[in-house]
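Labels run A, B, C and D following the written order; every chain starts at residue 1.
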Amino acid sequence: MPRPEPALLDPARYPFAHRITTRFADIDPNQHLNNVALAAMMEDARVRFNLAIGSAIRIGERRAMVASVAMEYLAQGHFPDPVTVHCGIEGVGRSSWTVAQLLEQNGNPVAFARSVLVAIADDRPTPVPDDYRAVLLDRWTLRA
Amino acid sequence: MPRPEPALLDPARYPFAHRITTRFADIDPNQHLNNVALAAMMEDARVRFNLAIGSAIRIGERRAMVASVAMEYLAQGHFPDPVTVHCGIEGVGRSSWTVAQLLEQNGNPVAFARSVLVAIADDRPTPVPDDYRAVLLDRWTLRA
Amino acid sequence: MPRPEPALLDPARYPFAHRITTRFADIDPNQHLNNVALAAMMEDARVRFNLAIGSAIRIGERRAMVASVAMEYLAQGHFPDPVTVHCGIEGVGRSSWTVAQLLEQNGNPVAFARSVLVAIADDRPTPVPDDYRAVLLDRWTLRA
Amino acid sequence: MPRPEPALLDPARYPFAHRITTRFADIDPNQHLNNVALAAMMEDARVRFNLAIGSAIRIGERRAMVASVAMEYLAQGHFPDPVTVHCGIEGVGRSSWTVAQLLEQNGNPVAFARSVLVAIADDRPTPVPDDYRAVLLDRWTLRA
């Protein structure tokens, strides 16, 4: 199974974190946080991570599109405690970059997600601008 | 229109409050918190309010069922700021009680909800136990 | 309890209906369709009802805003069967109108909702235009 | 980018399909079906696919757990048209199997998902029973 490598489960490596309150509607018939709720939490944290990055530098006329999200379920999450989603850049390609996210609750990893975002201009992939690439790599990348 | 009376818009009257983080998925095409997200937030706060009450006294073999929820939309809510839902008991009948809820964001009222909960035993309404009624009235009722 | 009067539980009285597939994410820890899912279904049907009305006549520069939604829970809903939401106009006031909705599953009433919509122009309530009022009353009102 | 191979975009290869009505609450600020809604639709179809498989044969004391879901976003989805999710088994390992899903709307591919399910007994992965494996391979596998 494509478990994330153990090094990705260390919150200290992630430069950004957002705490999210769980909701009663998030739980499924087994009293666990359901996969759809986890998707909403990962999305929310990724949007806020993008906002944090964007406050440092703009991507100009380009915009970012989510091309894929791969999620690993590591353990059950529960209501009513909050969760924290840690975010970091895992790599930057020519026209795309990868965001790694670790969702934990009370110190226990619950889910890991890897999203590929693509820079888009005129509805087509476009190179990531050099200054944006520099910010992603210098400030928001997973720590060694 | 059935606006709540102004006295119900004062957070200081409510004995219980819960702060909820908004999520990107909560916003609608107009960039406002959508009505379904507000319903999820009101439900979440009501469940937590019930848990808080229950920690003081149990309803015994009985359980509480939501019979109705009436929601008033007072202003638009926004992402990404959190909201706070204030809760209080508005009245206690023979087999039911009413929960008032005020949802505000940055000090502005966004929505008001009034829910009727019914005590159920053997799938039928049953009188609210005297000790539970006393706790509802003494400790969790809207302040004058 | 504010149950709807029995006459409102007859689907034959409603001039509009929309069938909605239930989703696994709609069910709560008790295996019932949760209240938030019911709110999403009622909203969806109301939007489609508005679209159907609008295809007959436009509200002009005005737009419609939802001022309140009052929901009665009549019985438990289940997964995986679809539900049908029946919609009709219950009344038209000077600047607002009321939509009645009955959600049923396999012929059994599950929830009833009454929504008040307000005609808005320049961010303020405005009279419902005469031709729109005529369409609401003539074609989309609950049948006697 | 990890696009699915073109052969996976042909609905005719999938042995199971489920049609889902979209909801107004599914759309995001850009008027597109949001990623969380797509996750809910994929989950719903996967549960129904499991139910269809299970009606042919039981997994015994074992149960199935979702270990991972990888989603590719191929095009924007819209409201109010329904979507169809096509499902098929892509492969069966010792204790896990892979479900491929193609979500399309009006004949256009919108998203592709690949989920890994694990057979669990006593909270640990356990071999997929031979008869269940046979059913997955014989009847529910992607067609050549």
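Observations on the model:
Following the convention adopted for this analysis, a contact is a pair of C-beta atoms (placed from the backbone, for glycine too) under 8 Å apart; a residue touches a chain by one contact, two chains touch by 3 or more.
Fair warning: this is a prediction, and the values are worked out from it, not measured in the lab.
The chains touching chain B as well as chain C are A, D.
Interface comparison, A-D versus A-B: the pair with the greater number of contacting C-beta pairs is A-D.
Note on chain placement: the centre of chain B and the centre of chain D lie 37 Å apart, centres being C-alpha means.
Averaging Cα coordinates per chain places chain A and chain B 32 Å apart.
Put simply, the C-alpha centre of chain A and that of chain D have 23 angstrom between them. Contacts with at least two other chains are made by residues 25, 34, 36, 40, 43 of chain C. Listing the residues of chain D that touch chain B in their complex gives 25, 27-31, 34, 36.
Listed in rising order, the residues of chain A touching chain B in the complex are 19-21, 23-25, 40-41, 43-44, 47-48, 51, 80, 82.
Taken together, the chain C residues at the contact with chain B in this complex read 1-2, 34-36, 39-40, 43, 65-73, 96, 116, 118.
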